[in-house]
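By letter and in written order, the chains are A, B and C; residue numbering begins at 1 in each of them.
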Amino acid sequence: MKKVATLIMVLMVVSAGVIFSAGEEEAVSAELTMAGAEPTSYTKFAVEVGAEIVFSGWGDATEQQIYIDGIERFSKIYPGVTVDYQPIPADFQTKLKAMMAGGTAPDVFYVDDQLMTAFGSTGQLLALDSYMEEASVTREDFIVSLLAIFTHDENTYGLPKDWGTLGLVYLPEAFEAAGIAEPTDDWTWDDLYNAAKTITEKTDYAGFGQNADWARFAPWAFSDGGSYTNADFTKATLDTPVINKAADFIMKMKNDGLLVTSADVGAGWCGEAIGKELIAMTYEGGWMVNYMRNEFPDVNWKAVQVAKSNAGNRSNVIFTNAIGVNAGTAYPKAAAAFTLFITSRENQAEVAKTGFAYPAHPDQLDLIIDPNDRAISAGGLVGKVAYWGPNTGKINDQVSKALERTYLGAMGTEDSFAEADKKVNAILAGE
Amino acid sequence: MNKQASLSKMRKVEERAAYLFLSPYLIMTIVFTVGMILFALYISLHSWNLFQSPEFVGLDNYFKAFRSEDFLRGFLNITWYTLLVVFFQTFIAVFMAVVLFKPIPGKQFFRTFFYAPSVTSSVVISMIFWWMYLKTGYVNLLMSKVAGIFGGEWNAVEWLNNPTGLFQLIARAFGGDIAFAQWYLHGPSVTWMALMVQAVYTTSPTFMIMFLAALVNIPPSLYESASIDGANSWKQFWKITLPMLRPIMLLVVVLGTMGCIQMFDYVKIMTAGGPLGTTLTPVYQIYTETLGINGPIRAGYGAAMAFILAVVIFVFTYIQRKFIEEKTELY
Amino acid sequence: MLILRYLILAAISVILFTPFILSFLGTFKTNIEIISWPPKFFPANWLWKNWLDTWTTDLGRGGTFPRWLFNTAFLAVLTGTLQVLFCAMGGYAFARLKFRGKNIIFTFMLSSMMLPGIVSLVPKYVFMAKIHLINTYWALILPGAVDAFGIFLLTQYFKSIPGELEDACKIDGASYLDIFRNVIIPLSGPALLTLFILKFQSMWNNFMEALLYLSKVSMWTLNVALMTFQQQYQTKWNLTLVGAMFNAFPVLLLFFIFSKYYMEGVSYSGLKG
């Protein structure tokens, strides 16, 4: 026993020597020169000499590879800038907030609505507008609705790296089994209802899958002009006829047995229920493409745009994340240059080739290769980002809770959304 | 006189020894803990977003917590949770330890099997319990089989999405009901109780090994003389084992209480507080507020809720110490 | 009677060990097999590849699986050992010695466990950054070397040790250090072992601190690295389960090896020898 203990102690001391040898980076003086000249359409500008920037994002190995490749392309244009990529595999926002408070945050990082809420109004992000001007990039180069989240006091604090939306995802085999035509881009809610009814009656598939979730509810709610709050985010607009009509329609489908949740059919989420061939239709997004390819390569599935309301209007929900720069960076120019490059047409075109994400430039949508991705993305531009100011998360959560109450039959739609309206107003009042 | 002087010298030596023995803890706690607690107390009186300088707001954060329906709801939920989980996990842990302590060939294997749930990752445990609790899952399957034996029928329950409270169920069994708005009378919901089962399952083995280590210290001679006196093993358990386990019982109950009241990982992974807020816990709210998970960061508000919670735990613990520890010795 | 006891033990074992077996078998399945309902017990094809894929994970910049395993083992063994040493010292003081302020310090120690840790997550990070411990293992080792939990645990055990032996030693003129070394430590093997196992396990499974304090891929611990297998819509369950095995197995093995020390009277006989 004693010998073993001694051995362990010796090993620990030796390995401690190995481990604690990690060094600190030293600061480099910030002289400016023009970076090396490589032929490209991308407009460069002068950055700090010897700049070393740290870049962090989330993502699995595939996503990490995309950014490793992007950094390589960047270093061809700016050979003088070193980019240290430090992915954060989980709890990204929590770690970023702690790092920012501790003054150790990366120079460049992903920004989502949660981080924008925390950093945007508290001066932790660098306004990118002057650097955009230097690089001849305008806000109009991006799909403008994506920028809504990342704009505060008319400054741009993040540039969208990609975006996503929802489409009507379905299993052709279910429609064949029921003997009815497959969905089209022109479908209305009633078409969807009728198809779900026929499929539910004639086949073993459940008609339509949707959980009590604010995002999946958004295409229904937004179509005829509904919204979760008013335009300046000061008042809830959940207790309105438009929202009630959308919720009533969903509840009618549910009460008629045409709408099921993923748990009802034994799946973790509705995309998985499609993969397991349990439901005929659902609203899901571009993540389905790689998911189905990896997990259910033998299942044939298709997508069209989400259904129009019975009044003939369509809307959708848009998800987006951006790249932003730490206001406290030692190399603001290099960091801005990197951000501008990663979100540029040149780089997003390369990312689009991998089928990983939709480019955030409106003229690049034809670069989307997969037919299902094309179908889903086509219905996205009419949509909007479900962003309601700093309380976005709580407000969306109240919508999910309102749906949960109605799903469980604890309240009628009208009462439930009236309650959510009351709660959202309380949240907006700072309670 | 001389005797007293040497006595006081002895006390000095003892005191110095005590502080020397405690010094590693004292140094670490002064560096890492004392400051943090004082800082949290300071922050609880301020409005703070982590990045800009805190703004003094007095006791507002505390008032806000008491006015928050979600916070009160979380408190009620966690009280049910703590009462039931601490009772069952302690009971089961003692049972498992006693069963495993008696010599039997292959004991080492059984002990390892018994310990397995506490080393299986919470993600994996959650996934397996999710299977169990599905509408089409094993629990419903088993219940319908059992009901079949008694000639009844079992309506499949969605265990992880059922807000019906225990007292509601009882009221309904007698033909009554409790109104939806009177949530405080509903008792723990079906989903909440399902999570309790999951928690007891994973924590009992941890406490089991604490009891195992304590059983070792009971001198075998006590049992020997007891059996000579003709006490059966049931009597021996009550007269010898339990009293000897008293300090560890306190340890397990106090640690269990603290763990239960601060529970939020299964809530985060499996229910996010739903359905209808019946699995909301105070620490889950402290987490979302302090770190701004779905809104602005309100670290001061989070700290205020944490202190309210700490005071409640303190009271609980104090009562437990009074009850479990014999004599007047406080610790 | 023996058969009855075996039946009871076996029944409980089945209930408690099945999740572990299921997840072990899951490591050889495809993702689809794992999430399919109703679940099948055995994999259709034994995919040893999952283990190989996990083992050969390489995120570049020194982020390889063996390295993560080494980091984690190093931290777990070191903090487990330090905990046993320092908490035994503190526990001895509380359980056996009289000193001024004892009641206050003990109450403070218990109280310090009552404040949810999440509150001081960010302030603690800021503090660690101020004293330049970010991206060093010290940020995990120092606060993990001794804590209220461990001292409370050992205090309670030491109290349950009969005091006669020490009284005898005291009369012989032994110092407190002698008593600590020669009486308390040898008598509380199982308790120290329990603390070691619990602390080894908690560092082995540590996630939040490791995620916050260690940014370099080469410095990651196992649990942080395993999160790269779990993304919102793309959880690689099979690789996650392989990872979970690396989480669970060392602790279980440790417990298996040492569980024979949890034996009746072992401490007393140990003292005589």
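In the analysis below, contacts are C-beta pairs under 8 Å (C-beta built on N, C-alpha and C of every residue); 3 or more make two chains touch, one makes a residue touch a chain.
It should be emphasised that the depicted structure is a prediction, and the values quoted were computed from it without experimental measurement.
If you compare A-C with B-C, the chain pair joined by more contacting C-beta pairs is B-C.
Each chain gets a centre from the mean of its Cα atoms; the one farthest from the centre of chain B is A.
We define each chain's centre as the mean of its Cα atoms; on that basis chain A and chain C are separated by 36 Å.
Averaged C-alpha coordinates put the centre of chain B at 18 Å from the centre of chain C.
The residues of chain C that reach two or more other chains are 37, 121-122, 230, listed in rising order. In chain B, 50, 134, 136, 291 are the positions where the chain touches two or more neighbouring chains simultaneously.
Annotation for chain A: residues 94, 97, 101, 266, 268 touch two or more other chains. By the touch criterion stated above, chain A contacts chain C in their complex at residues 8, 12, 15-16, 19-20, 22, 24, 56, 59-61, 63-64, 68, 85-91, 94-95, 97-99, 101-104, 266-269, 271-272, 275-276, 287-288, 290-291, 294-296. Those residues of chain A that touch chain B in the shared complex are 93-94, 97, 100-101, 114, 117-119, 122-124, 261, 263-264, 266, 268, 390-394, 396-397, 401, 404-405, 408, 410-411, 427, 431.
Across the complex, chain A is touched by residues 49-52, 64, 67-68, 130, 134-137, 158, 160-161, 163, 180, 274-277, 291-297 of chain B.
Within the complex formed with chain B, the residues of chain C that make contact are 2, 5-6, 8-9, 12-13, 16-17, 19-20, 22-23, 37-39, 86-87, 89-90, 92-94, 97-100, 102-103, 105-107, 109-124, 127, 142-143, 145-149, 151-153, 155-157, 159-162, 175-177, 180, 187-188, 190-191, 193-194, 197-198, 201, 205, 230, 237, 240-241, 244, 247-248, 251-252, 255-256, 259-260, 262-268.
On the chain B side of its complex with chain C, the touching residues are 11, 13-15, 17-19, 21-22, 24-26, 28-29, 31-33, 35-37, 39-40, 43, 50, 96, 99-104, 107-121, 123-125, 127-128, 131, 134, 136, 201, 205-206, 209-210, 212-220, 244-248, 250-251, 254-255, 258, 262, 283, 286-287, 290-291, 299, 302-303, 306-307, 309-310, 313-314, 317, 330-331.
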